[in-house]
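To start, the structure under review is shown below, and the notes come after it.
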Amino acid sequence: MSMVQSYSSLRKDLAQRDRSLREKVVSLEEAASFVRDEDSVGIGGSTMSRTPMGLIWALIRARRRKLSCSRSIVSSDGDLLFGSGACDHMVTSWFSQGILWGVSKVMRHHVETGKARYDEWSHMAMGMRFRAGAMGVPFMPIRSMLGSDVLRRRPDAVEMECPFTHEKLLLVPALNPDVALIHVQRCDAYGNAQIDGLPFIDVDLAMAANKVILSTERIVSNDQIRRAPDQTKIPFFAVDAVVELPFGCAPHECYGVYEPMIRHMEYYVDLVNKDPVAGMKQYLDRFVYGPKSWTEFLDLIGLEQLLASARAGTAIYDA
Amino acid sequence: MLKPESYTAGELLSILSARQLKDGQVVFAGVGIPLLAATLAQRLRCPGLTILFEGGVIGAFIEPGRLPPSTNDQRCTRRANMVLGSADVLLLLQRGYVDVGFMGAAQIDQYGNLNSSVIGDPDHPTTRLPGSGGGNDISSLTEMIVAIKHEKRRFVENVDFITSPGWVHGQDSRRRGGLPTGGMYRVITDLAVFGFDDNTHRMKPIALNPGVTREQVQDNTGFKLEFDHTTGVTEPPTEHELTVLRELDPERLYIG
Amino acid sequence: MSMVQSYSSLRKDLAQRDRSLREKVVSLEEAASFVRDEDSVGIGGSTMSRTPMGLIWALIRARRRKLSCSRSIVSSDGDLLFGSGACDHMVTSWFSQGILWGVSKVMRHHVETGKARYDEWSHMAMGMRFRAGAMGVPFMPIRSMLGSDVLRRRPDAVEMECPFTHEKLLLVPALNPDVALIHVQRCDAYGNAQIDGLPFIDVDLAMAANKVILSTERIVSNDQIRRAPDQTKIPFFAVDAVVELPFGCAPHECYGVYEPMIRHMEYYVDLVNKDPVAGMKQYLDRFVYGPKSWTEFLDLIGLEQLLASARAGTAIYDA
Amino acid sequence: MLKPESYTAGELLSILSARQLKDGQVVFAGVGIPLLAATLAQRLRCPGLTILFEGGVIGAFIEPGRLPPSTNDQRCTRRANMVLGSADVLLLLQRGYVDVGFMGAAQIDQYGNLNSSVIGDPDHPTTRLPGSGGGNDISSLTEMIVAIKHEKRRFVENVDFITSPGWVHGQDSRRRGGLPTGGMYRVITDLAVFGFDDNTHRMKPIALNPGVTREQVQDNTGFKLEFDHTTGVTEPPTEHELTVLRELDPERLYIG
């Protein structure tokens, strides 16, 4: 099926990437230029955790169009991508702002009116699709989704009889996005990335994608990386650009650094769920298009909230 | 003995759900009531209860008053034994390390199938719901307990869309569909506790909640229920259960 | 094919295991009793690194017979298993004492005379077989071994045409050993294990096996484990027994703790490669059956060598 | 200019092999001469050369005088950028992150197939060799450079057993066998440097080592070699190359 990239084309794409040990630090604006209209974009983290919000924010400001995005679980990042018109196709297992706020009116508005598409897979299937992509194989076998309507809506998954056990299995197709957006706690200028706490599917996503853009809370020396190589989760040669972006997940969380800025999230949810069109426009104008820089956006969230979430974020290590 | 007016539906749901768990079990818990009920069981009777979260967490102890907004937040990892990838924690279900899956639901039917995807025609949904998340994987690969508010619109004969398979179309249709293990075990509502018939796999009442009549339950259910002499009555929440529960959720995020 | 356990029997075996949070600390002798004659035994580590030599030593002393063993790469551990008669079937990708010493005369003697079997798979295939077992699926698709005689000798691997790309793929069967033997730097009394440095295939092996026996340099408190849950690599509920065994890999290495005891290895190799039967008997009598305890065995290696390898082992952190 | 008697076969092999590597490449190196040659290249001309080891290592810098006894030892991880599972490092080849695979060999044939499994009948081998290790995976999934001592018994027309596939039976038999990528690129011996014909994929001499005649090479090879006007002569090792190499292996573990 055409949805899976052939091995020769997958290898050709990778062979063309510069995998040499070189510095890759770019500005947030330059990073956005690595993504083209109509690209398939894999997004790291899950729900409100380690979401590369800064990179998404930059893509929206750069007026990208017709992106096809994929993520394990989508939160307000998906709202903004749909609402801004940057993305009209989301591949995920769950899409709303968060369980606390019911169903996203923005997601509903775009999907129910046919403005955008939402392809639903199970959470494990999403993970296995990225893993197949990371391993350089066209599929992974799984035992879920069978017998459900989730599968009935996904003809691009193939049921097979196991040649060893003659049991029924489902083969889910590899997902190799054109670009991956991933936020980490630290990496060096080459892109060697270390992730604390919940890793989600980010390592598989990074190895699967044909291009990887990292945003990081801070850039550390290569010496620091080499002192603890068993803490490195993404190798430099899989990375194409590095952006240093403190609070780069705001208003979402970054494990061990800050928790979600819930007051800002509540303000946002209230605004867009009252009116998914006008409310969204108002939010985008004020918080995405308005600020001159990411720091100015953080300033709009407010130092008090930033400090409070940072205090809560580091508290995980007090337990 | 506590009167029904002394606790909310959310509190009753959490406490009755917690009672379904046994010490030493490995439980995969969804956010909301399941997370709260599993944590409650851990504090009340099951210090050796191992709670797994979809975000990639094994054996967490949630801190009272700091309930996570989702099972993918760092608060879920507090005092965990291990954190791992979100696909890898779901693979634990596939390999068979998990005893019980424990979730909430928007809509359930007579065979315990859950719908959290679409209301109406999938091609032109009247309501697009958030979707499966790990729900489909959990219900496909292990025994399930579901906690749900008992309303007629939630208890339908057949769900519009099977997101998380229960017994599918009853009898052995689940197995034939490719799911040889697991299946819906208990449904806990604010009105009653339900199991499933061993052969037909249709939902059947096991016990009424304190002060609830059979008529009330049937009136709030979109399909016919068979009550018989085995249908019992559940013990009401105790002071102690309520006190510990309210300590866990002082902001009443989930207990209402 | 019968070589892959059916899903229902795999699930039944696991359902019967006690997965509750309980202490599992046993003596080295008790640990050996977890393995029965004719069991399939997966061995952690690779070549001379993190080999569970103490556990293997205990199995030989307990006179286990007809074990079928599997490991990524086999070193002198395989010699001892063949030479002692504990194992007559090895599944691996490479089997000799070490590249420095040419071809193991012990392996050659047993395989060439038909006393024992050596099933050869590629290194990646071995890893993917354990991974399939860990994931609860009957196979993994790979792109190596195709077109080689290694594959021609393994009819239990299945070539398939990919339903998505129509490329040729190889499906390697899941490996779910009856028991896994794994050595780690530290774990708690419940079996939550943390591994430093090279992880090899040990995590997949642990999750794949139907029983797991851990030996560990030291047992730490559960509190210490819970302070860094993202360092835990094997969860307690996959573990059935824990043995505290300092220098538990001797004369092989344990990352960050000690390097191989090369002088003892050279003594051993010289002895058995001169005469794989008499030399092996001599080694077993003196170093395996002779000592009253593991500590007495370490004493025979000699404190000087232990200290020298410990000095070299910790030096990795000086870099 | 250095005379052949001023360096050993192992030293020549290491130096000529090192010259084949380019800065910025990602190289998967086997133990022995390949590990040594890759490290030599890194110190001489390729500071940005990334060395991968089968044990699960990315970007190590081996310490002079502390060569690892295998590519699975902790010494291989010194100053590495990352360590990972041994299956996962091999999967990097399958995904395509590696430019060159670099190995030694016991036996090679006219199509660059390597045998490290059995001499004689596989069912009743006269000699059972250690086996593939990662060799089969590396040679199946990437472009290969092989360093091997040049002896007639090692250079055979067809290997008894294809452990690590080169061009299999020549022409497009490798691709037809299911290996669309990679293939044997260079063979470095103590007598000459070889490539492979673009169409037949048979081994052909590219350059003779200093002081070596075509006859010497043919006499030590078990199959017919085609020399022509393009066959050149390799520059001898330089003082500098030898000095750095000898610093790396002072115990002469691999350089003999």
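Read from first to last, the chains carry the letters A, B, C and D; within each, the first residue is number 1.
In the analysis below, a residue touches a chain if its C-beta (ideal position, glycine included) is under 8 Å from a C-beta of that chain, and two chains touch if they have at least 3 such contacts.
Remember, predicted model here, so these are calculated numbers, not experimental data.
Peer 1: Determine the set of chains touching chain C that also touch chain D.
Peer 2: Shared contacts of chain C and chain D: A.
Peer 1: Counting C-beta pairs in contact, which chain pair has more, A-B or A-D?
Peer 2: A-B
Peer 1: Measuring centre to centre with CA averages, how many angstrom lie between chain A and chain C?
Peer 2: The computed centroid separation for chain A versus chain C comes out at 37 Å.
Peer 1: Quick one: report the Å distance separating chain A from chain B, using the average Cα coordinate of each chain.
Peer 2: Centre separation, chain A to chain B: 29 Å.
Peer 1: Report the inter-centroid distance (CA atoms only) between chain A and chain D in whole Å.
Peer 2: 40
Peer 1: Once you find the CA centre of chain B and the CA centre of chain D, what distance in Å lies between them?
Peer 2: Centres of chain B and chain D (C-alpha means) sit 59 Å apart.
Peer 1: Listing for chain B: what residues touch at least two other chains?
Peer 2: Chain B, residues with two or more chain partners: 57, 77, 79, 83-84, 91, 94, 180.
Peer 1: Could you pull out the residues of chain A that touch at least 2 other chains?
Peer 2: In chain A, the residues touching two or more other chains are 7, 136-137, 142-143, 167, 169, 197-199, 226, 230, 319.
Peer 1: Considering only which chains touch which, label the overall pattern as line, ring, star, complete or other.
Peer 2: If you draw each chain as a dot and join those that touch, the picture is no line, ring, star or complete graph.
Peer 1: Of all possible chain pairs, which ones touch?
Peer 2: Touch list across chains, by label: A-B, A-C, A-D, B-C, C-D.
Peer 1: Quick one: in the complex, what on chain D touches chain A?
Peer 2: 23-26, 47-48, 50, 57-59, 77, 79-84, 91-92, 94-97, 99, 180-181
Peer 1: Note which residues of chain C are touching chain B in the complex, please.
Peer 2: Touching chain B: residues 7-8, 10-11, 14-15, 18-22, 134-137, 190, 192, 207, 222, 225-226, 229-230, 232-233, 235-238 of chain C.
Peer 1: Taking the touch rule as given, give the residues of chain B at its contact with chain A in the complex, in rising order.
Peer 2: Within the complex, chain B touches chain A at residues 31-32, 54-57, 63, 69-70, 72-75, 77-79, 83-88, 90-91, 93-94, 117, 122, 124-137, 140-141, 161-165, 168, 173-174, 177-180, 253.
Peer 1: Which of the residues in chain A come into contact with chain B in the complex?
Peer 2: 46-49, 72-73, 92-96, 98-100, 103-104, 107-108, 111-112, 118, 120-128, 130-131, 142-150, 153, 159, 167-170, 197-201, 203-204, 253, 255-256, 259-260, 262, 313, 316, 319
Peer 1: Would you pull the chain A residues touching chain C in the complex into a rising list?
Peer 2: Spelled out, the residues of chain A in touch with chain C are 1, 3-4, 6-7, 136-143, 158, 160, 162-165, 167, 169, 171, 173-174, 196-199, 226-227, 230, 317, 319.
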